[in-house]
Each structure stands twice: as structure tokens, then as C-alpha cells.
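Since the structure comes first, as C-alpha cells, the remarks are kept for the end.
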Amino acid sequence: MASVARITTISARSEQSFEDAIRQGIARAGQTLRGIEGAWVKDHVVNIKDGQITSWQVNLEVTFVLDDSGAPVDASSD
Amino acid sequence: MASVARITTISARSEQSFEDAIRQGIARAGQTLRGIEGAWVKDHVVNIKDGQITSWQVNLEVTFVLDDSGAPVDASSD
Amino acid sequence: MASVARITTISARSEQSFEDAIRQGIARAGQTLRGIEGAWVKDHVVNIKDGQITSWQVNLEVTFVLDDSGAPVDASSD
Amino acid sequence: MASVARITTISARSEQSFEDAIRQGIARAGQTLRGIEGAWVKDHVVNIKDGQITSWQVNLEVTFVLDDSGAPVDASSD
Amino acid sequence: MASVARITTISARSEQSFEDAIRQGIARAGQTLRGIEGAWVKDHVVNIKDGQITSWQVNLEVTFVLDDSGAPVDASSD
Amino acid sequence: MASVARITTISARSEQSFEDAIRQGIARAGQTLRGIEGAWVKDHVVNIKDGQITSWQVNLEVTFVLDDSGAPVDASSD
Amino acid sequence: MASVARITTISARSEQSFEDAIRQGIARAGQTLRGIEGAWVKDHVVNIKDGQITSWQVNLEVTFVLDDSGAPVDASSD
Amino acid sequence: MASVARITTISARSEQSFEDAIRQGIARAGQTLRGIEGAWVKDHVVNIKDGQITSWQVNLEVTFVLDDSGAPVDASSD
Amino acid sequence: MASVARITTISARSEQSFEDAIRQGIARAGQTLRGIEGAWVKDHVVNIKDGQITSWQVNLEVTFVLDDSGAPVDASSD
Amino acid sequence: MASVARITTISARSEQSFEDAIRQGIARAGQTLRGIEGAWVKDHVVNIKDGQITSWQVNLEVTFVLDDSGAPVDASSD
Amino acid sequence: MASVARITTISARSEQSFEDAIRQGIARAGQTLRGIEGAWVKDHVVNIKDGQITSWQVNLEVTFVLDDSGAPVDASSD
Amino acid sequence: MASVARITTISARSEQSFEDAIRQGIARAGQTLRGIEGAWVKDHVVNIKDGQITSWQVNLEVTFVLDDSGAPVDASSD
């Protein structure tokens, strides 16, 4: 049987660390997406003001499995 | 007149072949997206267990035209 | 506090110019997405017929901030 | 029935703008190539002298359809 | 003794499969180019209409050896 | 508990098809490597002689899990 | 005789257009760098607020020739 | 009004962690550059001796805004 | 005198963090490879189940010096 | 006035060295192409038999200016 | 009949030149690998001390054919 | 203790060879930069006139260590 997943890109920032930014991004995505399987960290960026790092930012490619119920490939109700 | 399309990334697996995986992925996407025009095969991957290929997997960048009804760019009702 | 954005890819064509295509693409995306912050022009393409340029096309990676209401990461109601 | 196109790379400069450079490049290519369908703008470059931009230059990957008459794939008479 | 080859890019479509598209592209190129040694499949694309795959398309970088007769590097008579 | 895998690159040719080349490459690798989990098809190439495709070639990045016995990371006895 | 140039990366924004951004960036660079020969436009980005494009931004790799006076390769007095 | 920034590449090592290396690199850059806005982490590398990680190294592309005083684009006094 | 090193790719996972995954991967490689000098972190990936990060995974390109004893370039006894 | 150039890819081998291969490739191209302005060395490859380097091979992207006589963009008579 | 090769990456330095580094790297690899067919020069690097070039370094992707004896894909006895 | 280096890009041409161009570029950079550790050859280019190679050109990414005296990261007095 075939299996289909979708890959979406998000960007998340934390004042703590890159790993916290990843956790925050995954948590936010998990509010509306079911079946998240993993994420590839595409970019690591730091934002800076007055010589201080103000946030740690990651761009993530998040993969989530689509179920077989005919739910939208690109959908809010996933 | 301007025309706008959206590009979304999906991943599809088949037990048969890469071409079957592509067909399955397009069929699944077509359940909820109208106006699919094409797909670029970004990656070809095989999954293996005990020395046997268990599935043929493709990552696809699928392009679909947005109609002019004001339907969401990133929407479940497409 | 963490902040999460999403990045979506669109393709827009104009009969006028690349910059008009960008404006059209952003306008169309803005019909359904709130919080658009910017776009990276990934590709510039011209379409041609009988030796004439019939449209100027851009592929855009559009970034928009997700609010904290628990709205879908990948959703029509954003 | 199969259909075959060829992709060739040209570089065009204009004293006016990038879009004029694209038009000039397509016009020059159209003197000897039939069936041009489109072009991807691979690079945008400006040439500068004494602090002034002297030309706007683009590198284009031009696609043109080969007809079925057995005309050369890589040929002057296209 | 030195040996020189040329690399040209073609795009071929088939209604059957990617492998048929490759065969068609090589056959068409072989009508006018002698000495083809190989081809790298740069891209795999499917074109879709009304939810059906209408053609399987490949972009190929074809390498062919130039003979020593002084034939043009970029020539119709190759 | 941590888990470590190794990724090795092989190139395989078949007279039949790309998919046969993949099967042959995986079979040959499986003679000496245990724990193969998958392979990414990095390149698809065709070799040609006298206008005919003589072989279908793939470059594969093969991933295999290292067991915990202290077997070599880069070893014949895996 | 040998000749040496340096390549530096700048980012410039304009409220008008990409081409104005390029002109502004080159003008600013020309205040302190002599011998600018050209620039490659590495990225095109638009910044957006409330659905409107607020600035057109380019990243430029600027090349400038170093004279033979022993002036610094990476220097304020260039 | 136009705004121009410069992007410079630095490499920083720490005996502690990647994040400490980033902080060290930004701190060192901030001794002589005003207006640093952010940095993209281009590469993560570990240096190893006798099986131990001796330093955590990052390559950073640092962006800093140029003020309007006519200070050098590529200058020590920025 | 010439010096030759080899570069091998491994993938390591940890339940703790990316940095722990790097340490685990280097430790496992060091069981069988002598002369490891460093590693480039090619990819950062998180694996997720039921909305939780289950492992932090890195792909590493590990460089190790080959001694002059004629030991195999690609060998278990290195 | 606009100026248009074409970029073609060749591969050249020499038994002597990479630089000899470049000279041979340029000389061969110059038999049929006028107005060659430069070449970018895209790849350096060595071919080996019985442990000996049998040839030094380069892939070159050769740029040549098209004159205004209406000569073919992709033509044998250039 | 199928044919399988392996691709391994080495890094070689010489005090003389890049071409000497390539010869040294191939010679060292040939002590333990049979059937080397070629190498792609992935990177050219110079190492410098006190303003002098101390070594010329290349990274090579070496391809060698695996024989049919069932010798290890990734093996010391090759 | 942390250590910070800077990476700058230069382009150097020689009438003799690529290796002479590298030596010339490093020598010119060494007039004003202390602590150069190495350079990566990003591009090899030949410039041609009337069918003859007029110069061999390299683009180099030069790495130099910043001392701890608080000297500018991007400075003429380095």
C-alpha cells in the first residue's frame, strides 16, 4: 500500500538556544498537524541587537504523514 | 491578467516502483488540490530491510494553479 | 517568548514585468494569509511565443508569521 | 508522441536595464532559432566603470522545441 | 593525443515513462550528432492535466565526442 | 542509547533499467554489509554506443547501521 | 604582470525597485572603494508590511581591483 | 531612503560548544564593527585530537548596517 | 613529504542533543579508526513521535589521517 | 547597443596536465568558433588505469561573443 | 551483466603542486585498492604559513571497480 | 580560549599559470593581512583573446587569524 507525507517549512525563534527554537517550532506545528515524523534543520541564524544575541532562529523542513481519510494535502484540518 | 500557482512538497512511497510512487502521490494530492499542473521529482530513495527493497520513495514538488475566487493560497478547501 | 513563521512557495506571472509579477503574487497571497513579512525571489523566468515575451514569471518563497491563537500551521484560515 | 527540446545558454547585456537585456538576448536568439518557448534567468550582473553602471547583463538558459524534420539538435539552421 | 567532447542539454517527453523519454531524446539527438557517449539525467518532471500524468519529461546533459576533422564544435553537421 | 550508521557511495550499472541497477547495487553491497537501511539515488546516467543505450547507471548513497560489537566503522567484516 | 581584485558582499534596500537598490548599493560602496568593476546580484528579496512591499532588497557581490601601491587588501583607505 | 549593509565571513572556535563559539565570534566582531544585525551559521565543524573534541567551530556570515556618514564599506573604523 | 587522509560519512543519533550525537558518533568511529582530525556536520535532523522529539541526529563527514605503513585506504584495521 | 554571447560546454583530455587539456580544448573550439572570450573550469577529473593517470580531463564552459551579422546563435558557421 | 563500483573520498597534500598531490593521493590509494578508474577533484586548497604556501591540497572522489569475487564493498582487503 | 579568523575573497590573475596566480594573490594579500592560514580555490577561469589564453585567473577564499589586540575584524591595519 502506498503512503504519502507532506513537507512544510517553518521558521522558529527562541531567546534561549537553537534547540529550544526547534522544540518551540515543533510544538507550534503540532497544534494543527497530526503525524509529524521529523524535521531537517535547513538553517541556523542568530539575531543581534547592541552586540547581544536577541534570538536563536532555525528554519525547519517538517515532514508529517497524511492519513487515508481523504483529508486535504494542504489543509487546515490536518 | 496575472496568474498565481502554489508549489507544495510531498513524499510518496510504493512497494512497486518509483513511477508507481509518483502516481500514488499525485492521486493522493488530487483528492484535495484542484489545478495540479506538474511535479518535479526532487529525490529518489529506496528503503531496505533484510537486504530487500521494501519501498520506492520519491519527494515531489507539486505545482497547482490557484483560481481567482479568492480561495486560500494555503488552504484546505483547495 | 518564541515566535513561529511559515514559508510557502508560490509562482506568479505578469504580462508587464518581473516586479509586477511579484506584486501580483504578494497581493494574491495576501487575500488569504495574514502576517506576510517578506519574500525571496527564487527564480526569474520568461515565457515566449512567436519570439515575443508573453509573461514574466517569478517563484517566490513567502514568509508569514503565525499568530498565537492556535490557528493551523498549514491552514486556509491563516 | 515524443517531443524534444534543446536548452542553450546565452549572455546578453544592455545599457538600459535587466529586462531590456533579456529582450535583446531573446531577439538575437530568435534570428536563428525557431520555437523558443522560454528562458530561465540564471544570473543578474552589473558592469561598472568610474562608479557608474555601464551595462546590465543576464545569463539565460533558453529552451526551444526541435521540430520533427530531422533538423540538427545542435544546428545553425534551427 | 588530446580528445575533445561537447556537452549539450536537451529535454525530452514521453507519454509512456521516464525511460522511454530518455530513449526518445537520445534517438532524436542521434539523428544529427555522431559520437554520443552518454547522458546524465539532470531532472525528472511529470506533466499533469485533470489529475492524470500526461507526459514524463527528462532533462539530459548529452556528451558527444568531436572528431578530428575540424568539424564545428557547435555545429549542425556533427 | 545512541545509534550510529555509516553512509557509503556506490555506482551500479545494468543493461536493463535504472531500477535493475539499483537492485544489483544493493545486492552486491549486501554481500559484505549488514544492516543496510536505505539508499538515496544521487545520479542517473545512461551510457551509449552507436546510438544505443548500453547501460543504465546509478550512483547510490547507501546507509547501513553499525552494530555495537565494536566492529570497524569502515570495515570489511561488516 | 599579475592583477588582484577583492570581492565583498553588500546588501542594499530601496523603496523604489531592485534596480534602484543596486544603484544605491554601488553608490554607497563607491564612497570608499576605488576601482569597482562589477557586481553579481546574489539574491532578490522584498520586505512586506500590511500587505504592501516596503522595500526591494538585493545582496551584491562587488568586485573591485586593488592597485599596486600596497594599499590594504581589506582596508578602509581603499 | 536607501539602506546599505555589509556581510562579512568569520570563523570562531570554542572549547565549550557551538553556541559559545557563536557568542565568541559575535563578541570579537563587535569590538570593531558597529550595527551588527545578525549572523547565519554557514558551517558547524568539530576539531578532534586523540579521539577527543578539542574545539567546536562555526563559520558565520555576519551582517552589519553601514551608517550614512560616508564611513568605508570595507573599513576598520566601522 | 606527501600526507593522505580519508573522509568517511557517518550518521549518529542521541536522545539528548545534537552535541551528544556528535560525541557519540566520534566515539564510535574512534573504536576502529585511528588519527581522526575533525568532522564537518553536514546535516542536523530531529526525529519525532507523538509530538515529542525522540532523537537528535547528525550526519558527519569525518576526516582521519592515513599512516604510512601501507594500511588500507578503506580498511577495517585503520 | 546590446551585446550577446553564447556559453557552450566542452570536455577536453590531455596526457600531460590539466593546463594542457585546457589549451587543447580552447584550440579545438577555436577551429570553429570566433570571438572566444574565456572559459570557466567547471570540473577537474583524472582517468586512471593500472594505478597510473592516463589522462587529465577538464569540463569547460566556454563563452564566445556573437557578432551582429545575424549568424546563428547555435551554429556551425560561427 | 551488472557492474558495481565504489566511490571513496580522500584528501592529499604535497609540498610541490596540486598535480603532485593528486599523484600522491592516487599512489597511496593504489596500495590497498585494486581497480581504480578515476578521480574527481572536489576541492583545491593551499595551506600557508608566514606568507608562504606550505602545501597544495586536493580532495578527491576516487572510483574503483568491485570485482565479482564477493570481496567486501567497504573492505580492507581490496 | 576562543580563537577567531576572518575569511575574505580575492581574485588573482597571472599570465603564467593557475599556480602562479595563487602565489601572486597570496603575496598581494600578505602585504596587508597578517596571520594568513590558507586559501580555498573557489573558481578557475581562463581569459582568452584571438584564440590565445591571456591570463589564468583564480578566485580564492583566504582565511587569516585575528589576533587578540582588538584589531578590527574588517580592517586596513590587519
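We just call them A, B, C, D, E, F, G, H, I, J, K and L in the order they show up, numbering each chain from 1.
Going forward, a contact is a pair of C-beta atoms (placed from the backbone, for glycine too) under 8 Å apart; a residue touches a chain by one contact, two chains touch by 3 or more.
Keep in mind that what you see is a predicted model, and the values were worked out from it rather than measured.
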For this session: Please state whether B-F or A-C has more C-beta contact pairs across its interface.
Result: A-C
For this session: Could you tell me which of B-F, A-C or A-H has an interface matching E-J, in the sense that over half of the contact pairs are shared by residue number?
Result: A-C
Exercise. Using the average of all C-alpha atoms in each chain as its centre, how far is it in Å between chain C and chain I?
Worked result: 40
Seminar exercise, completed: So, in whole Å, the Cα centroid of chain G is separated from that of chain J by 31
Problem set entry | chain C: positions in contact with at least two other chains | 6, 8, 44, 74-78
For this session: Give every residue of chain D touching chain G within the complex, in rising order.
Result: 17-18, 43-49, 51, 53, 56
Seminar exercise, completed: Interface with chain L, chain H side, in the complex: residues 6, 8-15, 20-21, 24-25, 28-29, 31-33, 55, 59, 74-78
Seminar exercise, completed: The answer for chain C against chain G in the complex is residues 19, 22-23, 26-27, 30, 36-41, 44
Exercise. Which residues of chain F touch chain I in their complex?
Worked result: 1-8, 61, 63, 66, 70-78
